[in-house]
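The two complexes that follow have subunit A in common; it is paired with subunit B in the first and with subunit C in the second.
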Partner chain A sequence: MLQTFNRSFRTAAWLGWQVESNWTDPLLFFAFSVLKPVSSVLILVFMYHAVAGAGSDAPIYAYIFLGNAFYIYVGAVMAGTSYAILDDRERYRTLKYLYIAPIAMPMYLLGRAVARFVVGTLAVVITLLVGIFFLNVPVNLLTVDWPLFGLTLALGIICLSFMGLALGAWTLTIRNEPWFLGDAVAASLYLFSGAIFPITLLPGWLQPLAYGLPVTYWLELLRRATLGPNAAAFPTFAAWSNGQLLAALTGLTLAFGLLAALAFRFFDRLARERGLIDAQSNF
Partner chain B sequence: MAHEALAIQTENLGRVYTIKAIKKGEAKQRVALNDVNLEVGRGEFFGLLGPNGAGKTTLIKILTTLLAPTHGRATVAGYDVARQAAQVRPLINMVSGGESSGYGLLTVRENLWMFGQFYGLDSKSTYRRVDALLEIVGLSDRAHTKTSDLSTGLRQKMNIVRGFLTDPQIIFLDEPTLGLDVGASREVRSFVRNWVDERPDRTLLLTTHYMAEAEELCQRVAIINAGKVLACDSPANLKRRLQREAIFRLDVSPLRNGALSTFETLPGVRKFVHTPQDGKSELDLILAEDGAIASVVTTLTSHGAQILNLQKREPTLEDVFVDLVGLSMEQAAAS
Partner chain C sequence: MSIVDRQLPTENRQLPAAPRQVIHGWRYFLRTVWARAYPRIIGQQREPAWVFFETFLPFLATVGYVYVYRAMEAPEEFVGFAVMGGAMTAFWLNVMWSMATQLYWDKEQGNLPLYIMSPASLMAILLGMALGGMLATSLRAAIILVLGTWLFQVPFAISNYLQLFAVFLLTMTALYGLGMLFGSLFLLFGRNAWQISQMMQEPIYFISGFYFPIETFGFAVALAAAILPLTLGMDAMRQLTFANGPALGFLSVEIEIGILLLLAVGFVSAAKLALDRMEWRARYEGTLSDRRK
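Take a look at the complex of A and B:
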């Protein structure tokens, strides 16, 4: 079992690195996967200055900047697994051969997403450095709470992987070009996870949704870890301690892990029943 | 294992596809497999011969754990393919012809090595096997070529190597020579034959709509049409079913339908297949006995047809199919 997990994950990570990151055209690849997310955060920064007219010392500035910088991960990690299913099925025509191989499919999918995670990390790091050194984002690398940061980041990535797995499983059963699925889900969670404004600004009836999303707690914790006490200037989670936020994130991660496992079993069975494993889209 | 001696067993196996209609609520059902009962012994080279749409791929998908059956059950190496897929998978592999799969950015060798990894082979023996197999199929000089630069034929050969690389107990070949030219098909057939000759305990299930392929390779053949297995025996025994009959091939000047319909009532004519050709008609006749050819010739001439060629020949598996279905395989595929 562990051996199966290990070889599925490792080999898939190798494969993902070879094919997801198209090294035949490194410049184009870099432009697409790093510059694109970085520049979308920068566009937001300039919009902030133009629209809000507030300075970069207003607490909401750092809030927006960090929220969006880390949100790059949501698209990168979550979309990775469902892209792998689609690429293997439609483009490389290998999904059926992988499916009948003695591998653990969820591990394979997670492995395939590693390359996207690495590239996403590059984009996040570049965004943060640009923000800190050129755009007055008030993060002091010396006062960052690194243990909290590391723990939060790891938990969040695990949680996003689980969400990605559930999406990937769903993708198995969707026939017509669901290329957008990962991105669409990432985009629709954007407004509800406090990436761009505190969730207390949401209409009251939408707030429970925000509190049910792990990304909400994740971003809050990442801000606290990087900004220190400045981050607490918002009412959203003002009453929550770091420990409470961590507990919520951990609980939701476990819940999404369970959800991913159930989703996988359910959609896998459905795909086999409907004969969708090797079905191609009718364009 | 429940049935040590049996590599594959199906019991009343069936598969119905539900096709979602454009208009809501009008889902259509298509029966792809119907009540299939097969037993394939360990070490057997078993063939599934049938026209396009007969259900061959559907059966292979069920046996390789890709598709769930809707009726009955199937076991591979004694394991239930629906409930024990995880036990089946390490023991099997599959190759589908007529498609090009693989990661274009990887080289041939990398693609194959990777699949070896997924099956838990160590790198060294994977490379050894890959190189040996590439040599046999004549792909050695392409080992370091990117897969995207290969022709479809060569990609198909790579895919065949992928299937055999893991040295499966039971291998499923779904029309492995589909789309290959004559030379490449011959190479593939001889590769497969050598592989089983060297490994008498390995089981092969091959599907094809080329009767010569089934006849040449398989120890036993099941003839399948419209989801049903109609007969299952060695090619020699299947043909022996027609040993009392007389089989003729006639070339005549183009026939009108009127002439054809009279054949149906002609005594002694068991089955016939009419294939219109450029400027002539080909008739294949299965007759109850030699003497019946006389009335066939009389009928033809009375309809003004000119006989260009008349030949008595040995039965083939195609004739067995015609005898069972009443249509040639080509006609059955179109219907």
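Take a look at the complex of A and C:
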């Protein structure tokens, strides 16, 4: 069992890397990996400068920059797992062969997310470095709370993988326009998780939704770990300690782990019953 | 010497291009335009989920940017800039995914050889594609604009309807001309067409100033960005639709209309040349419709 898990995961990670990277030369691959996320951050930076002039001292500047930078992982890891299903089913038409191969499908999907995680990490690191060295984002690498940062990052990536697994399994059962599912969920999380603005700005009836999302706590902890005492200027979770935020993130990660396991079993059975494993939506 | 010339055997270089039987005349041209526009108009009605998501996703991003401006306590015009930018993303997405990559997808699905073999003008096929796509895209953009205006009480103050119409028309002509040019260029791509289309979303939103006034870039960068039709088109539209717009404009509206006119003529002409070149390659190399590329 463990051997199957290990084999499925490692092979999928290697395959995912090949799929992600071997379509072009390293230079274009690097540009592709970095241009898109850096541009989305730059949109926000220039929006800020258009309003506030040249200053970058306001706490909202760092809030927006860091939230957007770390959000790259959400698109990469969560939506990436969902795309893996679609790539294999619709584009390369290999999902049916994977299903009859002696592998553990959930581990295969999580393995496919590894490549996206690596590419996402590259984009996050470059975005942060551009921010720190060229755009006056007030992050001091020497004062970053690295243990908190590492723990939070790891928990968040695990949680995003679980969310991606549930989403990927759901994608299996969708015949029409399944491509939009990952994008729609990622776009919704972008809006409701306080990635680029404090969730207190949302209408009151939408705020409970934001508090129910693990990404909200994850981004808040990452900001606190990178900004240190400056993060206290953000009011959303001012009353929460780091321990409370970590507890909330851990609880939600476990909940999403359970949800992913149940969702995979349910949707996998549904897809098999309906003959959707080799379906073509003619995207 | 071009790449194509280098690849051709010496004895073939001097051969005249085999004439393609294109039926000339404006009636045939218009019939081809309509024939290609029709499935696009009808097809999009058959995919309500697609229409919903293509409206819903840009709208979510727009709402995000509106809240960012609110968090910065920006003047209300900026909220309007974000809503307008969100609406205009529908056109860029349409150009990239339904124009630039379309011939590539047609190649993948086996339709491209049929286009090449048919006596229809490729320009007419692409124009039909553009017009068919523009109809549904305009509807999506209008929905985003109306919803955004209603939800966030955007303070529009249109100063000149005629100029606004001219700016929109010229921007769309130049933009879809660029789309046609990309359409032929994307045929050169293989598996990377998908990635390149994706790569040309956020960077273009940034360079064209979809969500902020481009004068923020400074003159030199803004001028370089003006090669993209949406940059000046949106700058002019912002100046014409918001009370404080002219103060944040890059160039005067009249100059921007002049440049947009040049861009429209330039991109449509370049698209025609590029398509002719592609046809030439299709006939000589026989690899244009090769799905293995």
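By our rule, the second predicted complex is superposed on the first by the 272 of 283 C-alpha atoms of A that agree within 3 Å, B and C clash if a C-alpha of one lies under 4 Å from a C-alpha of the other, contacts with A are read in each partner's own complex, and residues count from 1 in each chain.
Operating definition for what follows: contacts are C-beta pairs under 8 Å (C-beta built on N, C-alpha and C of every residue); 3 or more make two chains touch, one makes a residue touch a chain.
Being a predicted model, the structure only gives us computed values, none of them experimental.
In the three-chain model built by superposing on subunit A, subunit B fits alongside subunit C with no clash.
Remark: in the superposition on chain A the angle formed at subunit A by the CA centres of subunit B and subunit C amounts to 80 degrees, rounded in steps of 10. Looking at the shared chain after the overlay, A:Pro198 reaches subunit C, while subunit B stays out of its contact range. Contacts of A:Ala239 after superposition on the shared chain: neither subunit B nor subunit C is touched.
Of the two partner chains placed by the overlay, only subunit C lies in contact with A:Val51; subunit B stays clear of it. Using the contact criterion defined above for the overlaid structures, shared-chain residue A:Leu2 touches neither subunit B nor subunit C, since it reaches no partner. Subunit A has more of its residues touched by C than by the other of subunit B and subunit C. By the touch criterion defined above, A:Ser39 reaches subunit C but does not reach subunit B.
Once the two complexes are overlaid on the shared chain, A:Ile103 sits against subunit B while remaining clear of subunit C. For the three-chain overlay built from the shared chain A, the minimum Cα spacing from subunit B to subunit C equals 6 Å.
Within subunit A, the residues touching subunit B in one complex and subunit C in the other are 24.
If you check the complex, the residues on subunit A that touch subunit C are 23-24, 28, 31-32, 35-37, 39-40, 42-44, 46-52, 58, 60, 63-64, 176-177, 180, 183-184, 187-188, 190-191, 195-198, 201-202.
The residues of subunit A lying in touch with subunit B in their complex are 3-4, 7-8, 10-11, 14-15, 18-19, 22, 24, 92-94, 96-103, 269, 272-275, 277-278. Of all residues in subunit C, only 47, 49-50, 53, 56-57, 60-61, 63-65, 67-75, 78, 190-192, 195-196, 198-199, 201-203, 205-207, 209-213, 216-217, 248 touch subunit A in the complex they form.
Residue ranges on subunit B touching subunit A, taken from their complex, read 17-18, 61, 64-68, 86, 89-90, 92-94, 96, 99-106, 110, 114-115, 117-120, 162.
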